[in-house]
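Each of the next two complexes has subunit A plus one more chain, namely subunit B in the first and subunit C in the second.
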Partner chain A sequence: MQGATLSRWTMAYFAAACLMLLAGQGLMVAGYGYPAADIAAPETLVLVHVLAIGWLSLLMAGALLQFVPVLVARPLSAAPLAAPALALLLAGLGFLIAGFVALSGATDLPLFFMPLGGAFLGLGFGFVAIILAATLFAARPLPLPACFVATGVVALLGAILLGAAFTLVLSGVSGNPFLARLVAGGVELHAVLGLGGWLSVTAAGVSYRLLSMFLLSPETERPTSRAVWWVVSLAIGLVVAAVATVLLAVPGKDVLFVAALLLTLAAGVLYSGDVRQIYRARRRRQAELNIRASFPAFAALLLSIVFVNIPIVRTGEGVAAITYLFVFGWLTGLGLAQLYKIVAFLTWLEAYGPVLGRGPVPRVQDLVDERQAAVWFVLYYGAVAAATLALFWGHAAFFRAMVLLQTVATLVLMREFVRARRLSAVPAATRAPAGFVRPHLFCPPSASRR
Partner chain B sequence: MPDVSTQTPPRELDVRPILKSGGEPFQAIMAAVQALEPGQGLRLLATFHPVPLLQFLANRGFDHVSREIGDGDWEVLFTPQGAESPVEISYDADSPEAWPDPGLHLDLTDLDPPEPMVRILAAAERLGPGEVLFALLSREPLFLFPELVARGLQWVGNFDEAGATYRILVRAGRAKG
Partner chain C sequence: MDEEEKASLAAAIREALRVIIDPEIGGNIVDLGLIYAIDVEDGGIARVAMTTTTRGCPASDYLKDAVSTCVWDVPGVEYAEVRLTYEPPWTPDMMAQAE
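After this line comes the complex of A and B, so read on.
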């Protein structure tokens, strides 16, 4: 089969991811983890991993299962691994969280849950990496957006290996001095590999293709885009080298880390320029909501990269505010904005694909209500900006109030996704033409037709 | 020359009437080049040897063969350099070079996705057994391909030499029995 078909498990990944986003925001509203607890406290670890693995990584994995075939114009390899990968990731996250809760002393669960979670997550992400790597390998030579995904997968494996090593030490399973050094000096490297290398590099790469697709811009490979890839790949290489210096207790970690951050700044500036060019070269006059709602995310990306390069901000409490802006302004903002389009499009294709051309069917935009959703995107980004400032100035109560507003906005947007899946916004007259397939909310289609 | 590029008969364009009436044939030539099917060549008839055009189309991926055909007129055969834009063929398509000329031409380059997909499927529904349609799109219709195959439609397609327009031929299966 040539071309791209619907990925069977993508909606299940998205559904799980959305629930985790709500859970993570709910914890913050309830005052769990930072800023009430220390930035390195087990409670904060719970919060961070619910968001980084549960929300962002599941979202990214689900999106890549659908869009890597679009990037390389060939079907997914090893696609049957997608379902067990999701099960392993969810189980692994559950064990990891249980382990962190045990570490916090709130319950007397065994600490062994931590490395057990690490192992499950390693397997789950390993499966995802196998699917992506096998698909990319079969599609060489790779178009540029797919090169970003390849770099992202390497960073994912680095983040997972580091994280798994941490669980061995924190649970007391291993007293290996090399691993102990990693825990003492490698936490920010783990975070940068995960949030930057895996989630951001991959998101940026896929965005090159999706932005020109949605805006009808020419898909030319710009030298600046290629430079972005080289620079971020080099930055990830430096972070990996920094991990080695920590492991071997040789000096140089800080220099490597600062150099990687500076490279990221250069990449961020080039990337912003590329996004601007793609937007200017568009043939679609009016950009749709998913594009307009991505602009604040690009701004948040650039802002957080600039601030993280200011030493006094990075080393103090300011790092929490930057991370918040990065996770919710950039990654989550972009994720919600693109989900808004992707869910509607995939649902449209699943429901009406079999009857296209055989009679009138609704348009993709009939599945959503852009005007209503636009208001909630504005509220969402407003709340993120206010919550970031609240963290920066240390107003815990105001922070929680803003996260509550943010949670309400995400809840309403998720209701929109559910309405798209249920075809609720489609006028009843055209909703169910003969032969159409009613999509399940998040389970895969019952059987492939014909 | 290898591949299917020489197997689709070239489109013919005679610009001698335009030239003789003092007109400028460039627009007509570019329109003809844009409308070429995947791998198709162009046979151009002119009142002189169009040297600037040869270079122009070479830059867009066309080889050429010229010959004088009498009365000072020239015939130039432009053929696409196949290596630049590989032709993709659905696995169930049997010998596309033997397909009949398309009875329907669709220019869908200005439509927002997924409208081109809807239009092609709608047009394909109306094809008689063995009939062929030709369509131009602004990007590769990756989600269309499986849908065509699921409906028993064969296809062959590739990007034009500039990589800006995707060209696809879709053929309804033969009548059974």
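After this line comes the complex of A and C, so read on.
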């Protein structure tokens, strides 16, 4: 065994994540949550968690199950936990959402669903963390991209603990003054640990390796890349320290938070430079669509980091627009762009890996139709930019119209993922070589196949 | 087997391996420089040293199996052994022409 094999449950994670993205966007189109409701209203919490946990975290967890073994050239440890983790996460999200809906007063469901959801999510994310941590621990000393994942897992645990504490207070299960202080002053820290520490740091780390792989750039460890890791790790440390100040009711939270944001700005600038260097050093003349469609995401990352460092934007209504740009421009844009490649790559491994060498097989690139998808990526990012501006200027109706366009673009891109799974774009001559087994849409391959 | 027969068998193996593509880059693994060595010994014993474009690549085992299958199928090969190595690690400079 030289390293990675096909992760059995990754496609199931991706399928669930895609459905959650559609659900979240559908809620926004329907006018549920912000801006129709307050930014801290239960309805907005429903929306935020469907997207942050249901879409982004399931996507990231599924991707890491496949790619952490690639980063460390070792098989996944504790891999049997992947399936129960997915079930726990989906159940936990369901209970959490039910709790938020109850909090909004829309139903008579018990508020206890909130901490119940927190417990299920804690277990589910705990399983994911065990898989990742055990794999990384066995592979020490870690290559740099894996160090980013380790930092991301720490941030994930911080975000889960804070979120679980919030559910205890919001549901009335606990009146502990320490926890009550967390709810009053720790919401932005929870968000930064989740969206920044867990999702973004991990995405950036994995991107170092994947960009080099897909662009055929030399996989060298740049001093600037290591600096990015140190800076983001320090920033997360400051956020954790800020959580402690809130818990203990001592001053310093704002200073620590602002310092963490400034460090993030420095990391963002260095990271952008690294991405540019990797692209310039490529041996592949024409970058594939997953790379080209990631560029707007990198721009959205940098823009949102710059804006969040401007106090007047951060503290006013602008924070919603920045968050939207960060979630849909950076995280979702990058996620959709990389899914476009990863789905085809995993499908190729499943369908053609076992028959390789026994006759002609298609390339991974033959599983996709880039010309068709490129148009929808342009529409997607255009809609995200317009929706961000609409939020910033307070045009709710235009915002919903742009989210509708964004949802249509997302739907068409997901249709492309399904077409890749169905091998629809593969030339008939090489589509079904002898001995090949057609992959399931999202169910795992049978255990006998790698 | 004399040296000429061994060289001929090695050339036949190299040619047979051109049917195998790297799924990501699309080119055949010989032109991509993923086959480091093909040694043929007396009795039709073939030993192949190969690599993949990236360490830990999920396609590694499939590529190794494919090479093994191909080598076994070459007429004159009585025994085939395929070794996956990352010393030296593959770099894009090793391929004749990137896509």
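One rule holds for everything that comes next: the second predicted complex is superposed on the first by the 448 of 450 C-alpha atoms of A that agree within 3 Å, B and C clash if a C-alpha of one lies under 4 Å from a C-alpha of the other, contacts with A are read in each partner's own complex, and residues count from 1 in each chain.
One rule holds in what follows: a contact is a pair of C-beta atoms (placed from the backbone, for glycine too) under 8 Å apart; a residue touches a chain by one contact, two chains touch by 3 or more.
All values derive from a computational prediction rather than experimental measurement.
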Could you classify subunit B and subunit C on subunit A, in the superposed arrangement, as clash or fit? clash
For A:T5, select first, second, both or neither according to whether it touches subunit B, subunit C, the two together, or no partner. both
Could you say whether A:L216 touches subunit B, subunit C, both of them, or neither, answering first, second, both or neither? both
Which of subunit B and subunit C A:R284 touches, first, second, both or neither: both
Determine, under the contact definition given at the top, whether A:P360 touches first (subunit B), second (subunit C), both, or neither. second
Between subunit B and subunit C, pick out the one touching the greater number of residues of subunit A. C
Have a look at where A:A184 lands relative to subunit B and subunit C in the superposition and call it first, second, both or neither. neither
Regarding the shared-chain residue A:A73, is it in contact with subunit B (first), subunit C (second), both, or neither? both
Once the two structures are fitted together, what part of subunit A is touched by subunit B and by subunit C alike? 1-5, 69-70, 73, 213, 216, 218-219, 283-284, 345, 348-349, 353-354, 356-358, 361, 364, 450
Complex contact set, residues of subunit C against subunit A: 19-21, 23-26, 53-70, 84, 91-92, 95, 98-99
Residues of subunit A defined as touching subunit C within the complex: 1-6, 66, 69-74, 213-214, 216-219, 283-286, 345-346, 348-349, 352-354, 356-361, 363-365, 450
Touching residues on subunit B, where the partner in the complex is subunit A: 88, 90-91, 110, 112-114, 117-125, 138-147, 149-150, 164
Please give the residue numbers of subunit A that touch subunit B in the complex, ascending. 1-5, 69-70, 73, 213, 216, 218-219, 283-284, 345, 348-349, 353-354, 356-358, 361, 364, 449-450
